[in-house]
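Once you've had a glance at the structure underneath, I'll fire off some questions.
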Amino acid sequence: MVKTVGIDVGTGVVKVALFEVEGDKNEWIGKRVERIRKRDPYKLAEDTMDDLLKENGLTRDDIAYIATTGEGESLEFHTGHFYSMTTHARGAIYLNPESRSVLDVGALHGRAIRIDEHGKVLDYRMTSQCASGSGQFLENIARYLGITLEEIGELSQQSDDPEVVSGICAVLAETDVINMVSRSISAPNILKGIHISMSNRLLKLLRATKVMEGDVMVTGGLALDTGLVATMAEGVADPKNKVNVTIKSDPDSIYAGAIGAALWGGFRYEKLQELGQLQEAS
Amino acid sequence: MCADVTTDVIKDASMLKQKEMIASNYDKITSAPETGVKVSSTFVPGNLNELTMCFDIANNLPEINALSNAMRKKTGAMISDAEKMGHSEDVCTYVKADLGMMAKGNIAPNGKPMPNPDMLLLSYTGCYTFLKWFELLREQYKCPTVMLHVPYEGEGKITKNMRDYVVKQLKEEVIPTMEQVSGVKFDIDRLREYMKDSAKAEDDLVWVLQSAKNVRSPIDAYFGAVYYIGPIFSAFRGTKDAVEYYSLLRSEIEERLAKGLGPVTPEGEMGEEKYRLVVEGPPNWTNFREFWKMFHEDGAVVVASSYSKVGGVYDYDGFRHDPQNPLESLAEYCMGCYTNRNLPDRTTMMADLVEEYQADGLLINSIKSCNSFAAGELLMLREVEARTGKPGAFIETDLVDPRYFSPANVKNRLESYFQMIEQKRQGGAQAA
Amino acid sequence: MSVKEIIDRCEVLFEDVNFTSAREWKDAKPGRKVVGYLPIYVPCEIIHAAGMLPIGILGGGSDLEVIHGDAYYQSYICRIPRSTVELGVTNRLDFIDGMLFPSTCDVIRNLSGVWKLMFPEVMARYFDTPQNYRKDIGGEFYKNDLRELIESLEELGGVKVTDDDLRNSIEVYNENRKWVNKVYQYRKDKPWKTPSAEIYLLMRAGEVLPPEEHTQMMQDYLAAVENEERRMKDNCRVVLNGSFCEQPPLGMIKSIELAGCYIVDDDFIMANRMITTDISTEGDPLENIANAFLTDSMPFPSKFEPSEEEKGLYLADYVRQSGAEGVIFAAASFCDPALLDQPLLYHVLDDQKIPYIAFQFAENSGQMQPIREQAGTFADSIKLWSAA
Amino acid sequence: MKCYIGIDLGSTTTKAILMDDNMDVLGQGITNSRSNYDTAAAVSKQEAMISTRFTLFHRAFEEIPQLEGKVDDFLGGLERNFRLEQYLEQLQDLRDTCAGFVDNVRYKGMEKAMVEALDTTFGQLAEEAIPLFAPGAERKSDFFRDIAGGRFMAISEEVAKQADLSYDVLLNVYDKSIIEVENRPPAGDLAGKFMRAMDKLVTESPEFDIKDAELGKPIQEALDVELEETFVVGTGYGRVRLPFPKDHIRSEILCHGLGAHMMYPETRTVLDIGGQDTKAIQVDGQGIVENFQMNDRCAAGCGRYLGYIADEMNMGVHELGPLASKATKVAKINSTCTVFAGAELRDRLALGEKREDVLAGLHRAIILRAMSIISRSGGVTDQFTFTGGVANNEAAVTELKKLIEENYGKVTINIDPDSIYTGALGGAAFALRAAQGDTTGQEEELGAA
């Protein structure tokens, strides 16, 4: 068994996963997530990894392959880099082997990825620049409503008459929301409205990847938002949408990228050892 | 152009006649599998209706299908289907609505399935999208495709080389393919006969369009004209039906004029004529009535428009189909279509219309889909403003994509424009 | 000359939105004329034969600040016309005596009219190429069209263009094309030696330099690059398609290669290799130029493909000839010809099981992260799954 | 006394102007729009009335011999103390509201600690208030939310640390309360506040201790003047949402055009950059709008963009301009998408670019976008007037001046410190006209056909 680390440097959060890997076998032995909060993400990534290693009584020399993903391309200490969709796909399969597609919803971007049973990326769609449906936006709104991130999901599910936000632009949507507050629309209805509009957008992306069936694994930070996940589940249940898929999420979904990176790192390590190329790749 | 909207809007004899004509054409097309009639798909601008008639071929116009689907609010889903098939969000939505309609089983507006065309007749290239559209259709239908390259009037004129080129293509590519598809031999005298009728109908149409020169115009030359140009821009140019329709229409408008009436709107007779506008660019179809309402509610009448010239410019420099020189005149017809003229000529045309029709200014409805119209319109606006001294305005919508019609935005701009005209008038009065 | 010296020179030429080198060429002899042309294709031989310098106007690049250009174009129109207008309004093209707007798309077609209205003192011509490929029909039309072009150039320059002038220029361009093709071939063979950003810059230089000078430059480059120590990377090989008109920022080309893809073929700036064979110098030179376009020109989206069966096959051929493992479609946002063509090309690639991805750019795109992400994932999947 | 009021409900700020029969501006008021539009309109109007009272005081005090040469000092002091009174009042309101939230189930078990923490925090806030409004002191903003909010966060973070309480909890209570406080229409009793302010001032500067009879009378008289709302006109962002009847609404374009014309009669081109929109307007010699352009649905490059950037950098919008002015080189920024502003900024900083250089680049990007809109509306003709909130930003102004000169040569550029009120000024003029029976610009009239 060798140990590998996957580091996912996001726009909002840094995630690190520590694995033991051999062939098809693997074991997840450590994890850590840290919000960036205006700190230097690269430094933070490095520190977070070192902390995690220390906690497990390891040093960097014990690690066979340090794999980065997300925006970690330029981290100097990595062995190799895999791109987000590759790692999220692998992470989704790890968390749920029945996954046939992934919806990765993070701080700024949303991506729909269609994958096969080995986690190979078959097709994908990304949100374009104009993205009111992002974590960042939701965070701003929550802040404005005086609600913590953890409360969002629960509140959204109490909605009885959701008020849909219009528009593609988060700035204009924010004005919409402010206006709703002044019209005394309740927080649950506002949040649910935002969830509905995000969900529509995400499901549209998903359909565009031509996913027809199987489990959709929601990964990224917003997988923790139970309100969004529930809204998407309602969305796919709507026969109008003509998709025969099941929305799934996992408490560890936020680690999907880091998990995928660690696992691919292990795979690549073995490959490169066979080829005797490890020196060159690092 | 679209039967089901016309009915509840205007019930004049001409409208009923048009409705009947359109219905019978759709019946002719959808019953083709039984009757054995050959069907060609072709476009509005530069359509060779008289020529196809010579071979007893029926004409199906995908643009018209798209716009009538839009009026019935069906295009949103069609476009999204086409986008799912891999078409970009950025391209012309007419194409996507058409491809999406195919994906939805290709049901004609009369509810019956549309037969596959026996021929694709690409008789106008004044817009590059048409080229691609036909490649896409051809991939689907795998039927004979005729391509008539119509050179652009880049230098503002039709040269002998251009005309010869088009005529040669007609003779050696278009006509032989049509003969082959239909099994009918080409008879140029038959073509001449049809063209005589074309010219007759064209005369009446021009009279109707020019009736808007009257202050208190009896017609709306944009929204209303959509109905007036329907037959001649589609499958009826050269038919007796069209001749009859236009003479009916003309007499109705003559009557309105005599009575001093303004245009008819979906909401009935229009009130006072407060603003006279010239409009450049096609209308929005998905919210056609709502869009129109923003004008007639505020007393704005469109007295001339470029859209009434997309399928042939008859009223500006006097072109008529000419039975004496049938092929040459077909060639000139194709090359003279509005969007095949260069921007300086289009600009001059708009400035002239503002003057001739005593308009308050030029309004541009810029269509997201259509670069053929849109690329350069902002310069046109400036030029026309400078040449006429009348204020212009610019709004942005789309043809058949409901996502790009933002009522609040359009209304805001229109209102500000009307206020501007109003303020200018009052200011002018104060200064005087 | 070293690779670095050559590429540095190219970079200077590339970044110079004032076209200093062309201005210098013009000032070197009184009476010289410069003719600009937009993408995709005009026969430069003819301009050259009139003693003029043809230069490609390929937009304003990523650093030009567009202020006035936006005033003339709506947000849903691609960027090249607005940056071109900006160049015009800011007098950066004031040394140009004539502008040609080839038959590329509605935007460029209408830009010819915009130019006539905005810059009435400059000769501006729409340049039509035939969509009918029969010699007796399209060929005849095109030949006459070319003759009209020559006449307007003769008038502009106050010169007479003889058949021998034309033959001579054809030879110059045959030689230039030969070296363009050699460079492209070299990159297919050894992509790690020739980063695509370099190849791109080298080709861009050809858009502003006299052809003879550019030919020499390519020869020097190939000689120098052979001696360059450059290590082969664990990259996959891709063909890039869709950037024939508006040009991507250099950063995008670099980002794609950085993310693990060697670009082994592309359709950037096609004017320099539009004609795929030598044009004959025997007989009527105009007819030869016209016929070469009819029978031996590269397919591109603005050109109608008369045969259903042939549609798009060329792309699969490019993939095969260059040993590529996939295709990256990179079209300019709002580029109708490219975007309408893409689904047809997808079908060909699907049939032949060639993987592909697609994204869009604008000449001034700043954020490369999504591009790296997509190109990188593409490279990842080719690498991981072909290795597995 | 007859008053004509124009209210410009912007997406970020709401402005009011009060004018008399002679078209003399007597008062102006501004507040945050980020709450309820009705409240915002009411507050800005009230503020304009308060400022009108000060104008009236001014007029009255000029007559008092003892105050000769000291009127401005006196009024300045009075105003400062008045603001302090207002601030303390709102602070108390916030404190009460926060306390009311402590019973929420979410904070079970923490109640006591929270009450203590809030007491300490608000105690400190109230203490700080006095120096904050001392003579010559600078405040980060004129809005309660900005001043109190910023300090609340700083203080409560410390307090929470010492009380071993989660800072998030205090923040959360604050977030909930501030919305309520902002949505509450302001309390009345102006006269009382004036009088208390007077007392404070006199304690502060005994030289103003003039006999009651001499001072009290003019103050009372000025306070007794009835300010009659003869006609109120509303304008601004999303006109449909304005809490006014339709015949009291005017197009924001026309208001801005007229307002700019009133400030600078020679103005021919107006640029307004507000929170969510940028407009370029061409007006003629009478202030009549000849042409205009606005940004489309996209909010890229407007004032909010700077707001996001300021948040990201933990600074106030006021501080951005000065920092950007220190740049040695202007970073090249292509995207002015507001949503991605933060990401772009982080990207740049990660690439090692300096904060001030990136900021300078961001300002340039905003102005470039505005330049395009100006160009689209027909360019710049002498004179040029820059209005809207962003006109308060010196870096934006510098960049604009540079670009205007490069593109249009030397033209007179007007920037009034009160340019943020341009739209409201036009609105007030329309109100006066409307009262005189002139309905130009009124939407109702157009819809009547």
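As written, the chain order gives the labels A, B, C and D, with residue 1 at the start of each chain.
Following the convention adopted for this analysis, a contact is a pair of C-beta atoms (placed from the backbone, for glycine too) under 8 Å apart; a residue touches a chain by one contact, two chains touch by 3 or more.
Bear in mind the structure is a predicted one, so any value in this text is a computation, not a measurement.
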Pair sharing more residue contacts (C-beta pairs) when A-B is set against B-D: B-D
Separation of chain A from chain B, taking each centre as the mean of its C-alpha atoms, in whole Å: 49
Length of the line joining the C-alpha centres of chain C and chain D, rounded to whole Å: 52
Rounded Å distance, chain A centre to chain C centre (Cα mean): 40
Sites on chain D at which at least two other chains make contact: 296-298, 335, 340, 376
Per-residue multi-chain contacts in chain C, two or more chains: 71, 369
Topology of the chain contact graph, where touching chains are joined (line, ring, star, complete, other): complete
Chain A to chain D touching residues, read off their complex: 11, 38, 40-42, 108, 129-132, 134, 136-137, 143-148, 167-172, 175, 178-179, 181-182
Footprint of chain C on chain A - complex, ascending: 71, 73, 81-86, 109, 118, 120-121, 124, 126, 264, 267-268, 271, 281
Interfacial residue positions of chain B with respect to chain C in the complex: 85-88, 90-92, 95, 125, 127-129, 131-133, 135-136, 138-139, 142, 145, 147, 149, 151-152, 154-155, 159, 161-162, 164-165, 168-169, 172-173, 342-347, 366, 368, 371-372, 374-379, 383, 396
Chain A-touching residues of chain B, taken from the complex the two chains share: 83-84
Touch list for chain C against partner chain D, complex: 62-63, 65-71, 75, 364-367, 369
